[in-house]
Each structure stands twice: as structure tokens, then as C-alpha cells.
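For reference, the structure I am asking about is given below.
The letters A, B and C name the chains in turn, as written, and every chain counts its residues from 1.
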Amino acid sequence: MRKLIKDWGGIITAFTLLILVRIFLPLPFTIEILIFAIYTMGLNFLLGRLGFISFGQPAYLAAGAYSTAIYLFYFGSNPYIGFLVGILGGLILTLIIGPIFVRLRSDYFALVNLALSVIFFFILQKALKNITHGDNGLWYLTKMSSTPFLDLGKPNDFFIFTFFITLLIWILFKYIDRTIFGASCLATKTNEDKLKFLGYSNFKIRWFSFSLANTVTATAGSLYAIYFGFISPSVTEPARAADVVVVTLLGGLGTLYGPLVGSFVYTGLKDLVSGIITHWELVIGILLVVIMLAGEKGIWGTIQPLLKKVQLRITGKEA
Amino acid sequence: MNVQLLISSIIFGLSIGSIYFLLAIGLSLCFGLMRIISLDQLLYYSIGAYITYTILTFIGSFWIGLLVAMIVAASVSLIVEKLVFKRIYEKAITFTMITSFGILLAGVGIIKYIWGLVPRPVPSPIHKQIILLGTEVPLYRVIVILIAIFIYIDIWLFLNKTIVGKAIRAGIEDAEKVEGLGINVYWLFTLTFLIAGGLSGLGGGLHTPLIMVDPHMGLEMIPFVFMVVIIGGLGSIKGTLISSLIVGQVISLGALIWAPLSNMAPFAIMILILIVKPTGLYGSKLLKR
Amino acid sequence: MTADGLLNVNNLNVAYGEAKALFDVSIEINKNEVVSIVGRNGAGKTTLLRTISGFLEPVSGSVIFNNQDITGMPAFKLAKMGIKYVPQDKMVFSDLTVRENLELSSYGTGDYNWEGVLGYFPRLKKLLNNKGGYLSGGERQMVMIARALLGKPPILLIDEPTEGLAPNIVNDLIDIFKRIREDSVLVIVEQNLTVVSGISDKVYPMKEGKIVSQITDREQIKSVSFENLL
């Protein structure tokens, strides 16, 4: 029992807090935090475990969002199937491009991802205009059928659904961290040669983690698509690629709670600041530089040792 | 295909390629010597454009504007180098990339405060058309190409004929060994950053009559400039020249065939090149020290 | 803090992040000496040289040169002062000619007098216009040492000078070292024990980041079995 609390205490606290947030703060705000947290978890894994930074995350977000949107607009009306189609879309995309991308060095990887999001933007806006309706986007809010249990068309039900998806993905990443796979991911980041020596295939590990991380990103995209009932190419705007990078670092790179903390602070800050300052870039930019110069630990990375101390004091010497 | 259309397309492609070259060469040198990816160069590009616009509006001379733009862009880059980069040269490439992206975003925010959100048009300083191989082409575009050629020759002479340039070339191979010879590499870093910033400013200023000056111009430029740097190979000057020529032509000739191609074809080519050679055309396996 | 010698290293501790590499290392180097540091791979020899020459910053301890505390000074300043480090990778600037390689060193130290240096390495005179990338391993090592000798450095720190070189070139190098020692103090990290016993005045065996002992007697250096010490 004690072990259970030690292992899961943090997450129980975190998600309880989230439910409190849900009670005291407006629903759209809470939903945004959750989806953004999923979005961030993908990059957090990529950067924190593999050391790959990507400025092209909107591309994967769009892959999920547009797969869902196209299904709901042209083929069906069940949002649950739409959701699965979105995840599948992300998975297929990452499995196809993964072998090319993971061979690249980390700096090229970042730039090529950026390029990918630009290609996506042009494809969605211009090249496939017949299907995506270009800048007008696709509207299908009214086409979504309601389901008897957890109707995703209703914000409250959608919140519950998103809440459990977030929890599920969080548990998945926590589980991965403990497996040999998680360890070998970290090893690809820190010491490639040693890993080769041990007989693990770098390439396969990277390919799998790349697909996993960005399928999670696509999942976030799919949730956005269902939540808004509308999608336009602006999701892939290259200028927006910074958001997720900022949140990942803001929360604390490579930590499990980082994405949750980061999304919460970022979404809150954005709501507060945008009332006062109209030019959001200035704030994000300075925030980013400050986080990096302060030692890239982020909020969670900074408070975690403090929390440990408090916990130690409360539980006595047991640790 | 119409020959005149083809020739004017090629000139168009060369002139955009020239702008890309001015931006990419600084990035490439910075990567080669300091092993940093300096996305903030795109900020100096935007600053160059806005300063050119402002001086043109108040004094009425585009060329003085261009000169001031270069000086201001270089000065801002110097300040950023002293404030931020000095502390992070030793860090990983991804680290400098994220930090420089933060600088770029903050800079875009400041630009919005100073100049507002409205895109500003800059009239071309030269409206004359000249006849080239029986085709009328805008003289201004030809001048842009000539300036880029002039800059390339200057950089080549600097790197190959001066002792400081040789030290930079040696530093691209191994900066630590240059330091071991008693040469202050940190001064070389500052100088290279300054040159890169100035050239980005020049590129921004020269670009103004061809586009609209707006706060997001630097962000919109990122993919194209980085495509040039990636295709050429990070750290290679020759590669940067060749790839800016390629990208310029692919964009302009692509537009002749099918309009959306002009934006997508270069990226497709980049991905193809990276499948064949993951370090770009002339990129060597330069690793973080 | 002792500062009797030309170069004194006092209780030096060096770490790479969390991993400690040197533990309380102290050595003393006097004028007209050839000092060898021997030890297995990973014993901390290269770390010691790199710390003395300013490429690594120690956690604690000090380096005193000519009664001046030089701990933590940037490598280029130390190189100007005459503490030159020759790394073991034998890489000269491959895109630059031999002449340009030497020019850069002259630029760094302000010493443009190449006569003496090329006197040690007559072979380089013929290679001045060749690019560094096309030289043989032995020739590269010559360029590296010639480059380091410009500025008449009082202290030359050479990392594994003979590693991977043909025996006749090793013999040439030993002769050159014997001539250089008249002007400079040589500190050599070496695995080749015949080289060590041939030229050293003092030997510091290193093991696991520590100096194990100090051997100053010429006869003892020739006869001692290092295998037992390391």
C-alpha cells in the first residue's frame, strides 16, 4: 500500500488538482490544458528521452486533426471512430517518414521537421484545396452524431473523455520509463556507441520512439478536431511551432509532470497576459530565453527537489 | 515554353537565391565555427528590412537606408552575442537553437511594438527595366544579384587571403586547436556573429522592395533559409552558394509549371537530398565538440 | 601553496560533470627537465595536460607558472604565455597548407621567426605548400610540434607523441625532443616506455586519477618496471 502511494501519489495529487481546476475554473480553460498537455507529452518524450528537438510538431498535430476531420466531414459521424482514425493517421504518417527522419542528426532533424510543417501548411491550404477547402476549413460540428454514453459533442462529457485519455497516456509514459526500452531511449541520447555495443539497434529504438511520440501528438490534434468541430490549415502555421517547445521547457524537460505543469502555467499565463499585452511573442520569447539561461530545468525541474525536501520532512527519514 | 518568360523566371530565381544566400551564409559560418544554430539571424533580417523602410520614409534614400540597416542589424547582433550567446557557446546545438528561437520571438514582439502590425510597402529604388538576352528584366533584381556576387567574392577573399579569415577556416575544422595556438577564438566568434548579423540585415534591406515589410517576415523566412543551409550542408560556404542557387531556381521555375509547386518543390528536393545524403550536399560530419 | 618550480600543480581536482577524473594531483616541473607522465588509458593523463593548458577548469586546486597563479585562465592566454599543448589526435588543419598552419601559430604568438623551428624539421620546408589533409601521420606530428614551438614556449605539453608512428619516425622524434629540451621543458604523456626511459628526467606514474609516485633518479627510470606500478 505504501509503495502504491509512493509510486502513484504524485499522479493522484496531480489529477485531483485537475478536477479541482475543473470545478473552479471555466471548462474550456481546463480542456485546453488537458489537450495541450497531451500535445506537450509527445515532444517531451522526443526531446527529453531522445534528445531530438522538433520545430515541426504542428505537422503531426495536423495529421491527427485532419484525419479526424476528413473522416467526420466526408465519411462518418461517430466521433469515437473519428478519434481512432486520427490516431491511426498519425501512426501511419510517422511510421512512413520515421525511417528517413531518425537517421538525421539532431540539428537537421529539427530543421527538417520545421520544413515538414511548412509542406503540410501548403498542402492543406493550397495543394489539396478540393478536399480541405483551403483557408475556409472544414466544418462538421453539427454532423457529429451523439452517442448514448459520454457524448463527445457535450463539453462536460468531452472533458471526462479527455481527462481519461490524458491519464492513460501519462501512465503509458510512466510505464515506458521503467522498461528497458525507456532506458535504451535515454541511452541513445547520451551514448550511442555503448548502446551499439550492447547489441540494441539504435535505428529501431529511435523509429519506434519517434512514432510513439508523434502519434501522441496526433492524438492531441484529433481531440482538438473533435472539440472545435472545425479545422483549418492555421493549426500548422510555422509561427505556432514555438508554443509546444516553450511549454515542454517551461514545465521541465524530460519530467513526467512537466507537461501538466507547463500546460497549466502557459494556458493560464496566456489568458492573463493577452488581456494586458497584445503581442504574445515578446512574452514567450523572453520566457524561453530566461528558461534556457536559468539552466533549462523548467518549473517542475525547479520545484521538484523542493517538494522532495518537504516530503522528506513530513515522512521523517524514510526515503 | 516562352523563352522570355523563362529568362525572366531565371533572373527572378537568382534574385531570391541571392537574398537566401546573404542570410544563409551567416548561419552557415556561425554553425561551422561556433557550432550554434542561430535562428535569431532572421531577427536581424527583419530589423534590416524595417530600418531600410524607416530611413527611406524619413530621409528618402533607399541606399542610405540599406547601409544604416546593415549597421543597426550588426549592432543588435553584437548586443545579443554579448548578452546571450557568450554564455551558451559550449552548450548543445539544440540548446542554442531553442534559445535563439526565443530571441527571435521576443524580437518579433518588439518590432510589433515599434512598427505595429500593418504590412509596409517599400517602393523599388530603381524602376528601370533593362534588356537581357532580348528580355525585359527589372534592373533592381539584377543589382541584387550583383551585390550577392560581390559579397560572395568578399567573403571568399576574407576567408582565404587574410590571417583572421584563415583562423576562422581553421576554427571551422577545430576551434580548440586554434585556441591552443594562442589565438583568441572568442573574439573570432564575436566577429563571425557580427558579420552574420550584418549580412542578414543587408539581406533584409535588399528584400524590402520585392516583398511587404511585416513583423512576421523573419518567421516566414525560416523554412526557406534553413532549407538552403540544409541542402548545402551546415558549415559549408560553397554548399550554401550552390544550394541557394538551386532553391531560387526551383522556386521560380516551379511557379512556372504549377503555382503551389513553388512553395513545396524545394522542400521535396530537400527531403530527397537528405535521404541520399543526411548531411546535405557539402556537409561534413561536423559534430559538437 | 608551493611555487618552487617553473610549473607547480597543487592538489588539482577535475571532474566531468558528476564523474571525477583527477584526485588531488600535485606535480612539480623544473627548468630544463623532460617530465613523463605514464599510465593506462583512462588514468587521467590527458585530463591533467588539458587542465594545465587551460582547456578544462579544475574543481579545486591551483596551477602556478613562474610564481603566477594561472588556474582557470583561458587556453589562448596560456598559449600566448608559452604553455603549449599538443593533442594526441595528430590532426592539423587539413584545409590549410603547412605554411598557413604555421602562419596561424605566428599570428597567435607574435613569433614570425621560422628559421629555428624549420631547423628541427628540415623535411617540412619542402612541404610548405601542401595541404594538411595530404600529409602522412609522421609529417602531421611534425607540423603539430613545429606549430607549437613558435613563440618559444617555456613549456610544451605533448600528448602521446609517438602513438601510431613508424619506429624510424619515433627515433627522429626522440632526437628532436633531446634538442628541444635545451630551450623548453617537455611534459610528455607516453605509453611507449622505451621513449620514456630514453629521455625522461622525472616520471610520474598515474593510476585512476591519482599520481602514484615520483621517480627522479635517471638510473631508476631506466630500470624500474612500470608494469608493476600501474
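Note that in this section a contact is a pair of C-beta atoms (placed from the backbone, for glycine too) under 8 Å apart; a residue touches a chain by one contact, two chains touch by 3 or more.
Quantities reported herein were computed from a predicted structural model and do not represent experimental measurements.
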_Can you tell me which chain is nearest the middle of the complex, judged by mean CA position?_
B
*Identity of the chain that, by mean CA position, is farthest from subunit B*: C
*Please compute the C-alpha centroid of subunit A, do the same for subunit B, then give the distance between them in whole Å.*
32
*Compute the distance, rounded to whole Å, between the mean C-alpha positions of subunit B and subunit C.*
42
*Report, in whole Å, the distance between the mean C-alpha point of subunit A and the mean C-alpha point of subunit C.*
51
*asked:* If I count partner chains per residue in subunit B, which residues reach a count of at least 2?
replied: none
_Shared interface positions of subunit C, touching two or more other chains_ = none
*Contact residues on subunit C for subunit B in the complex?*
53, 55, 74-76, 79-80, 84-85, 87, 91, 93-96, 100-101, 103-105, 107-109, 147-148, 151
*Which bits of subunit A are touching subunit B when the two form their complex?*
47, 51-53, 55, 100, 103-108, 110-112, 114-116, 118-119, 122-123, 126-127, 238-239, 242, 245, 249, 279-289, 292-293, 296
*Would you mind writing out the residues of subunit B in touch with subunit C in their complex?*
163, 166-167, 169-170, 173-174, 176-186
*How about subunit B: which of its residues touch subunit A in the complex?*
31, 37, 84, 87-88, 92-95, 97-99, 101-110, 112-113, 216, 219-220, 222-223, 226-227, 229-230, 234, 259-260, 263-264, 267-268, 270-271, 274-275, 278-280
